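Two complexes are shown next, each including subunit A; its partner changes from subunit B in the first to subunit C in the second.
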Partner chain A sequence: MDPLLYVLDLIVFIGIFGIVSLSLNLEFGFAGLANFGKVAFFLIGAYTYALLSQAGIPFYLCLIASALISAIFGLVISLPALRLRADYLAIAILAFGEILRLIVKSEDWLAGGDWGVTVARAISITGASHRVDALINIGLVYFCLLIFFVIIQLLANSPYGRAMRAIREDELAAEVMGKDRTKFKAQALMLGSAMAGVAGGLYAQYLHCVLPGMFMPMITFTVWIMVLLGGPGNNWGVLLGATLVEVFERGTNIAKDYIDLPVDPSNLQYILFGALIIFVLLYRPQGILKESKIRSKAQRLAFNGRRSAKNKGS
Partner chain B sequence: MEDALLKIKGVSKHFGGVYAVNGVSLEVNPGGICGLVGPNGSGKSTLFGTILGLHKPDQGEIYFQNEFINHLPPHTIYERGLVNAFQIPRLFYSLSVMDNMLVAARGQEGDRLFNSLFLRGRWQKQEKGLIEEALDTLEIIELEPWAFTPAAELSGGQRKLLEIGRALMARPTLLLLDEPAAGINPVLGKKIFQKLKALSAAGMAIFVVEHRLEILFEFASWVYVMDKGRIAIAGEPQDIIDNPDFYAIYLGEE
Partner chain C sequence: MAVNWAQVIFNSAVTGSLYLIGAVGLTLTYGLSKFPNFAHAELITLGAFISYLVSEQLGLGLLPSLLVAFLVTGVVGILCCRGIFQPLARRGSSIIHLMVASIALGFILRHGIGAIWTWKPLYFTGIGSAFDFGPLRITHLWLWLIFAALALSLAMHLFLMNTKIGKAIRASSSNPELAQASGINVDRVIWVTWFIGAGLAAIAGVFRGADTQIWPMTGWDIILPIFAVAILGGIGNFYGAIAAAFIIGLAENIGVVGLMALGLSTTYRVGIAFLILIVTLIVKPEGLAMLFRRA
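Showing the complex of A and B:
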């Protein structure tokens, strides 16, 4: 296989999973919601995109629809789920993801069941090589990633993000300090689901198809590893986490062609991931990068003003 | 009195078979410090929790500024100006001292998802004023040098001070304080009460639970004594001190 294409393909995957980890960072890193059903919204986005693009709707509308429909599902599931305690919430959403996958798998009329649906490329140029095709995808994926990154970064450094972090720290105290915790959590879940939905749409069109087997719970756990490894509460951190995990995953797949082992290294991956997550949680629970501080413009000014005053005084 | 700020009528709250609060009626008037004392387990903190909307009362009615607030969720009650500082500080420990203060401000424009993204100029202007206000309050509670350090790095006493300072950021109409002087050195404890007295003279009503009676009785204008979930005695500090029942309740003397 063309080695350059391999790298381009890796870059596309980092972008798509970068979006999903940013969305989990919003939900878990900032709002403290243990969403163990990330793959559900990824699936909804992918199938929405696939079915609409099959109906001949232009790709950008399909992506917007993926975002909207995932967001609606996020909101709907948040209504009953947010009444649950954090650990039950995690289990409830995890089950939701599996149920969705089994529905699309067994209901053939919906989206081809096990055979899935073939998806057309978002932007296809006739006669373009695979490399050009990958480059177009990189442009599309990173355009979306940039938009979401800016949105979350702005939110994280606003009073809204501060209220979210306060709810994560102590729900009850935040509620008594005037923050409507149910509203904040529902919005976080909605926004996070919309982002995961767009990532799903991009994934579907990049892989040319959607199949139930593409949405195993392992996707959720991989995204969790990205976030925990990179640093929850730090947007740069989770992107770094996404990059490291993708490179690692690809790396072990390549390594198997060169290293002779009695077992298949791609099966070892899961064991290594497990070991990695235990290692991170034990020795660096805050992840590679620490949580970013809240820096609104006014705060930065006050902070810098104080520091310069202190320097003058000493 | 018709224009009482907080009116509680026959409020009861039981957990299982135990009545923590049993038919309590009381009023807190605007301006001035109103005290609530009583032995441990007499229901003071439960009463506070009920006023804040953390527990729904089983019976009775609570009015704040003549509005029935029994059914309101805690965050709405807060927005009305009924603000609380916990007995054991419940800070947002990974956030900085400044952020802890700013979170508490009422009516922030940037608290809404839409505004935080699209009306950035508006909340940033507001935020600038809030930071000034926070720094002023931090100066009073002697925490200004720690403004940008995480709350987790504060000592026990400082945490307590931040808990009170944070509540002041909301510019409360009625401030509920659960043992503000506990765990703080006596000089600073008295200083806090002097500050509270000044604030109450400026119009803020304060309803305070305090075991340090010598401080409370110096500053309070009215005191309720609670015992076994009921209001046992009510009156001006001097009347309470002169009442022999008070010693029986508080110190268990026969």
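Showing the complex of A and C:
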């Protein structure tokens, strides 16, 4: 395979999973929600995109619809689920994802059932080579990634983000301070689901198809590795995590062709992922990059004010 | 379409028995270690494969293989607990971290099994064919399964109520600090529970594998109803689990009849357990536990 195309393909994947891991970072890193069904919202986004683009709707509207419908599902799920304890929430959302996959698998009329349907590329230029195609996708994916990154970054440093972190640390104390934990968590889940939905739409159009087999619980878990490895609560960290995990995944796939291993590399890859995550949880639970400090205008003012006061005194 | 209700009831007993054996370990370790062990699915799978190794590849027969599977998987359960979950808990990991670690462990076990035995489905031989008994269609395996569930219920009841370690398990589950203060070695209690729980998961895996097929997803295929049993029964509550297993078995089998009548795919039978799971979590997260206060 064309090596340059391979690198471009890798960059697209890093972008798509970067968006998903940012969304999990919002839910888990900032709001402390154990979303074990990330793949469900990824699936909703992908299938929404697939079905709408078949109807001939332009791609940007399809992506917006993916975001909206995923967000609606996120909200609907959150209404009953957020009153649950962390472990119950995890089980409920995990089960939700499994059932959703079951539905798209058994309902042939919806989107081809087990065989899936093909999805048209968002932007296709007639006669463009694969490389140009990949470059266009990189532009599209990283445009979305940039928007979401800025939103989450601003959110994390805003009073809203601080309230979210406070709820993560101590629900009761935050509630006493007048922060409605259910509202904050529901909004985190809604925004996170919308982001995962867009990523799902991008994924579907990039791969040209949607299949139930593309949305195994493995996806959720891979995203969890990205977040936990990179550093929950740190947006740069989770992007780093997404990059490392994708490069590692590709690396083992390439190694398969050159090194003769006694173990099937696709099995080995997941064994290593599992071992890695247990290792990270045991020895570096804060991830590679620690949770980012809060930077706010008030802090900056306070800091500058103190310095100028010092200067006056001397 | 005439429905053979006797068969539906019998099938419910078979399904319920399988879920009960599978769920006892989950509910006991969940109650004691205070987190849901998602790798329980892979302990089920591991049991099925060890039994396959002993009975088919070494040719020693199904019954000895059950014993070996119970012991080996039980030891794996203890190792997982001591090697991963207890160190994590000691380092102050949150419940979310413990759950992620259990999923990670599940990946290691599942793909380890996949690496050793490949992902091709395998079948037990010499299970015996089905025969008719009145209106019922039965296999010997199903009768053994029901017998195993009954024997398990009785044995666990005697174990939890009358033996010292059984009482210690109940005490540690309801109040670990007080149990520790009363001179119970809580760590040892936890290991014994993980051993028994993992061993029983293996037994469930053997029955499931012998009844259908074995592949690295054997356990994951039935993990949803098993979680539903543990939660409907009340976490850590053995008697609740017995009732819940048969309620869910019945609901699934009646549900299949309903699905066929509605012309829907019967793969949705998993959805029935899911529905019960969600409704229980929302309406009454403590499950049926209030019916069995003493336990």
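Throughout what follows, the second predicted complex is superposed on the first by the 303 of 314 C-alpha atoms of A that agree within 3 Å, B and C clash if a C-alpha of one lies under 4 Å from a C-alpha of the other, contacts with A are read in each partner's own complex, and residues count from 1 in each chain.
Keep in mind that, in the parts below, a residue touches a chain if its C-beta (ideal position, glycine included) is under 8 Å from a C-beta of that chain, and two chains touch if they have at least 3 such contacts.
Only a predicted model underlies this, so the values are computations on that prediction, with no experimental measurement involved.
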- Task: After aligning the two structures on subunit A, examine subunit B and subunit C and state clash or fit.
- Result: fit
- Message: With both complexes overlaid on chain A, does A:I294 touch subunit B (first), subunit C (second), both or neither?
- Response: first
- Query: Which of the two partners, first being subunit B and second being subunit C, lies in contact with A:P159: first, second, both, or neither?
  - Reply: first
- Message: Let me test your reading of the model: by the given contact rule, A:M177 touches which partner, first (subunit B), second (subunit C), both or neither?
- Response: first
- Message: I'd like to know which partner A:I69 touches here: subunit B for first, subunit C for second, both or neither.
- Response: neither
- Message: With both complexes superposed on chain A, which partner does A:A92 reach: first (subunit B), second (subunit C), both or neither?
- Response: second
- Item | C-alpha centroid angle, subunit C to subunit B via subunit A, nearest 10° | 80
- Scan A:F36 for contacts with subunit B and subunit C and give back first, second, both or neither. second
- After the two structures are laid over each other on chain A, how near do the C-alpha atoms of subunit B and subunit C get, in Å? 13
- For subunit A, which residues lie in the overlap of the subunit B contacts and the subunit C contacts? none
- Query: Which subunit A residues qualify as touching subunit C in the complex?
  - Reply: 28, 32, 34, 36, 80, 83-88, 90-92, 95-96, 98-99, 102, 105-107, 221, 224, 228, 263-264, 267-271, 273-275, 277-278, 281-282, 285
- Complex interface listing, subunit B residues touching subunit A: 52, 54, 73-75, 78-79, 84, 86, 90-96, 98-99, 102-104, 106, 108-113, 115-117, 120, 123-124, 127-128, 131, 135, 147-148, 166, 170
- Message: Under the stated contact criterion, what part of subunit A meets subunit B in this complex?
- Response: 151, 154-155, 158-163, 165-166, 169-170, 172-181, 187, 191, 291, 293-294, 296-299, 301-303, 306
- Note on the structure: Per the touch rule, the subunit C residues reaching subunit A in their complex are 35-36, 84, 87-88, 91, 93-97, 99-101, 103-108, 110-112, 114-115, 118, 224, 227, 231, 264-265, 267-268, 270-271, 274, 277-278, 281-282, 285
